[in-house]
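Next up, some structures in structure tokens.
Both complexes below contain chain A, partnered by chain B and then by chain C.
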Partner chain A sequence: MTMVMAVPAGTSIWRIIIGSAIVLVILAILPRLVDPYQTVLLTYGLIMAIAALGFNLLLGYTGLLSFGHSAYFGAGAYLVAFIMRDFGAHSMELCIVGGMLGTLIIAAIFGFVCVRHTRIFFGILTLALSQVLWSLAFKFFWVTGGTDGIRVPYANLTLLGGLVDFKGAGSFQRFIYAYYYYVLALFAVSTIIIWVIAHSPFGKALQAIRDNETRARFVGISVRRYRWIAFMISGTFTGLAGILWVPLNGLTTPDILYWPFSGEIVFMTVLGGFRSFTGPIVGAMAFNYLKTYAIASTEYWQLLLGVVLVILVMALPVGIVGTTTRLAAKLGRSTK
Partner chain B sequence: MTIFVIQVLNSFFYAAVLFLIAAGLSLIYGVMRIVNLAHGSLYALGAYVSAWIVGSAVGRAVEGNFGLAGVLLLLPLGAIAVAAVGALIEPTLLRPLYRRSEEYHLLVTFGLLMILEDVMKLLFGRTPLSAGAIMDQMGSIPVGRLIYPTYNLFVVAVGIAAAIGLWAFIYRTKFGVILRATSQDRRMAAALGINVSRVYVQAFAIGCFMAGLGGAVVVPAQAAVLGLGIEVLILAFVVVVIGGLGSLQGALVGALIVAFVRTAGIQFFPEIELAVLYLIAAAVLLVRPTGLFGRA
Partner chain C sequence: MTLLETVNLKKYFGDTRAVDDVNLTIAEGEFISMVGPNGAGKTSLCNVISAQLNPDSGKIIFKGRDVTHSSVIERVQAGIARSFQLVNLFDDLTAFDNVALVIFSRDRKIRNMAALADRDREVAIEADTILDQFGLASKRNEPARGLAQGERKLLDVALAYALRPKLLFLDEPTSGVSTREKDKIMDIIASVVRGEGITAAIIEHDMDVVFKYSSRIVVMHQGAILAQGTPDAIRSNDDVAMILLGSSGPDAFSRKE
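What follows is the complex of A and B.
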């Protein structure tokens, strides 16, 4: 595999920074131009993008396909619900810190077990362990509310250490806009962190493991430990997405721990293209719109998404970003 | 004591159904190295088709034992329908992917799962379908002071017959030899003049038939509902992981273990019965990655 991640030869760091800055400015202006509903959709998209970015650290960079990332997303969401309900906390920052710590611990335990295997066994193991959490959330209804889930009302929430709260009239409108920028900021920070990790010596080591495990071991890379660390980072960021998701959704149910949700995370990453850094971001946004409009337009939205996925795997295995890059490269060559 | 006997019978019933599903999953993995995420949905499809056929036949059938035998013979039609679907799926969706990595196998079968779930909703509607008439007609037998449905024992018999039949088929027939040869070395088998593509279609269809049969035999006892396949797939995974992916004996032993643990779990520790099963699967994978009967 001679895939070039994110930085193709000749692309300077400045081009990436300027490009990201333009995208960020556009994202920051967008809520002024579109209606509140679109803003909510965008927020969901950004949240899923964090989940997919975290997930892709394992799939795209380490070469491990997890079919159990619903566990970390769901763990994050449930931890926020517990922190707010049982500890009476209101601060979102507290929820984020607590939730990420909790998810990190779960990812550390599950990862410790899972990285002993690769390929198909890794996938099945992640899946089996994620379903342990699902069955617990499903069965311990006096703690988790069972299939009813736990309500997480946005009105109980404060942002930025209590500076922004959502009480009184028109609070929902205020929440939507404030929360969008909150998520956008965290999205930007997460993207930068994951980018730095992916392009650090550690990230290069992960890619070496992905491409040739035996050679990586010869070079002196402790393969299992690197995989474990990657697993923890990946799980924690997917957990952050779950944490951010739950106040917006207002409710957490076992559905987000159920294994088809893991499938959705894989789906969006492949939709965007897991061979590029930006693929998961584009894929998560695109999947979010695709799913929302499919559900709105037909009762058989799963059928529609399933067909899209099958066509994607058959015809466009490199995803949206990969295909666009190839097309652009082709065009560039033909005009020269 | 009576309760105990009934729980053991329940476990055997459950094991028979699980075996049918897991054996198909295992066979497909053993021959073509594909983990079929849509396998549970194929099981559900078998349940729906059988329930639908039996449901439309029951009103018209002759009363009495003769009618009952006729309806019982209709049940496998669901399995045959699923096998036909499988014979369509393999050449169109799976064949182009054998050279690609496993990630794509999982993804395409996940897409197939989504498609099948909605196709079932489209064809059979949202109301659960059941073939309960069969169970009612077969009556029950006394067990101690309680009674037990005869149909459940029939399912156990089907499970045993399927296990013996599949074993004889794989280890005692020429086709079985070809199947095992292809499973061990695809290129060598092709070089010896075996039509590998045909073997693959047949193996996949047989695997689907087993899943469909599982659905067909379960539907008189338990209605076919949406989401049935998604739930059962994970249990089938637990079975094949415990027994060993690709091993027939493993599927049998795994099904028995899962069935007994689950029955005991529902009786004694209902909150964590599912969690315990997944943890057992994880533990087996850790200690013996290839399962109890798997080969490396």
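What follows is the complex of A and C.
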């Protein structure tokens, strides 16, 4: 009897793989159906999805609300700018490796300080530390360009170890499409990695710490160390998002280190639903479109966006994915 | 053979002597009960031995090693496990995941990030066996939050048991459940503990339960050990009856009914 019960995951894992494959195929053919502008928007959405997925490893799985994830996104972006400007590098892969290593180090240092606390104290510490980075970018203008930021032109970039470059006529079109698939591939890889971590024994330990810190200690889990490791992974993936964002944006400014940007990451995650794995992905995509269309439609876009978001959160308290899952469960029950 | 020994153990909270010069010895294979009125220091003693609280002075010796200053995790790894009076579970995880998590931790597999937890057959089989032993097999896939009080109590004990400890402290495993459920819970605990040869120390108020299951009873009062002995010796001890029941004389314990 117990033997049969030991492997319930068999069918559901295939369902997840098939479902993800379908979504991936749709995302892969979308640029052929929509105009280049939509492709760019989609690229931004996928990048923010990576940031939110990383962030949610802390919020949804470890139960720690960071208000300073702009630090890692911004660190990634600035590191790419430094690597390209000061080292004359062109390879995106080099930027990714260098940027992720740098973000990891920053997350390790900041995390070491922050995980000594929980709840609001944790949140305030993450916020304060992120603002240290912001003020550095803001004040040290001879290094960071101050409010002007640093330009990161796509034309200086090569993908896949120099196989793909963007010189000559029509290069912007080529960049948009090539970069979309580049980001899509990294999004897929990041999603798989974070999904495996979330469902690994380590991921279960994070959830245990989230649910009951005391009991976690009494079953032998070193709570602080696990929180620290989660913090580093989370920061590094949000850093990857910043790395991928900067060539597309063409410029990095202190705005992405400033605290409202941390708020956006929190918001898109909550909007999608932080208690489900896919919530941050859906939330990031939805937020990205909402913000873009709000900016396009009115000068007072913050007001419009704010109102829409408040209504959405009140109508969908468990997020878009959470609400959809509940509705589906209800429908499933009523048809049976 | 002596498993645990406390030497002049003290823990004061201001003027309150929660644990006052306690010299307790627990031998391997014993099933002892700690009884005493509220505030007698039973839970404090359990907290000090499990490292939730640091003692003010004294020593704790476990398997011949001084563990007075070791951390909770070190004591868990040495083989001291405990359950909680107020149920302490991982509420959003399923009953199965609660138990599986403990097994991963015990087997030092918990650091693994590169494998799916559900895919570990060995752990899954052991977790299901434990759920079965505790009568929770049918609740396997339910979040701990949704279980009934009696089931939550059992799962709390199951988590401590899944560590396969040498010494298992159970802090009021039957508090807050109906009398009928009490017997069921205690029967399960007794059969599991005896079957594995685990040494158990249980804090309990219900004297019927205490007399029925214990090999030795330790009576605490105002932070100190007032008396200890076999159930028969305690049953006929007038001082103990006075403290616990407020009356004494022959058959004080059975008269209560």
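What we mean here is this: the second predicted complex is superposed on the first by the 320 of 336 C-alpha atoms of A that agree within 3 Å, B and C clash if a C-alpha of one lies under 4 Å from a C-alpha of the other, contacts with A are read in each partner's own complex, and residues count from 1 in each chain.
The working rule: contacts are C-beta pairs under 8 Å (C-beta built on N, C-alpha and C of every residue); 3 or more make two chains touch, one makes a residue touch a chain.
Being a predicted model, the structure only gives us computed values, none of them experimental.
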{"item": "First (chain B), second (chain C), both or neither touched by A:Asp211", "value": "second"}
{"item": "First, second, both or neither for A:Ser222, with chain B first and chain C second", "value": "second"}
{"item": "Touched partner set for A:Phe67, first chain B, second chain C, both or neither", "value": "first"}
{"item": "Touching partner for A:Val196 - first (chain B), second (chain C), both, neither", "value": "second"}
{"item": "Chain touching more of chain A, residue-wise (chain B, chain C)", "value": "B"}
{"item": "Partner chain(s) touched by A:Lys330 [first = chain B, second = chain C, both, neither]", "value": "neither"}
{"item": "Chain B versus chain C as contact partner of A:Val132, first or second or both or neither", "value": "first"}
{"item": "Partner chain in contact with A:Arg15 - chain B first, chain C second, else both or neither", "value": "neither"}
{"item": "Where chain A meets both chain C and chain B, residue numbers", "value": "none"}
{"item": "In the complex, chain B residues that touch chain A", "value": "35, 37, 93, 96-97, 100, 102-104, 106-108, 110-119, 121-122, 230, 234, 237-238, 241, 245, 270-275, 278-279, 281-282, 285-286, 289"}
{"item": "List of chain C residues in touch with chain A within their complex", "value": "50, 52, 72-73, 76-77, 81-82, 84, 88-93, 97, 100-102, 104-106, 109-121, 124-125, 128-129, 132, 137, 140-141, 159-160, 162-163"}
{"item": "Complex interface listing, chain A residues touching chain C", "value": "1-3, 5-9, 13, 196-197, 199-205, 207-208, 210-212, 214-222"}
{"item": "List of chain A residues in touch with chain B within their complex", "value": "59, 65, 67, 113, 116-117, 119-121, 123-125, 127-129, 131-132, 135-136, 138-140, 258-260, 263, 266-267, 270, 299-303, 305-310, 312-314, 317"}
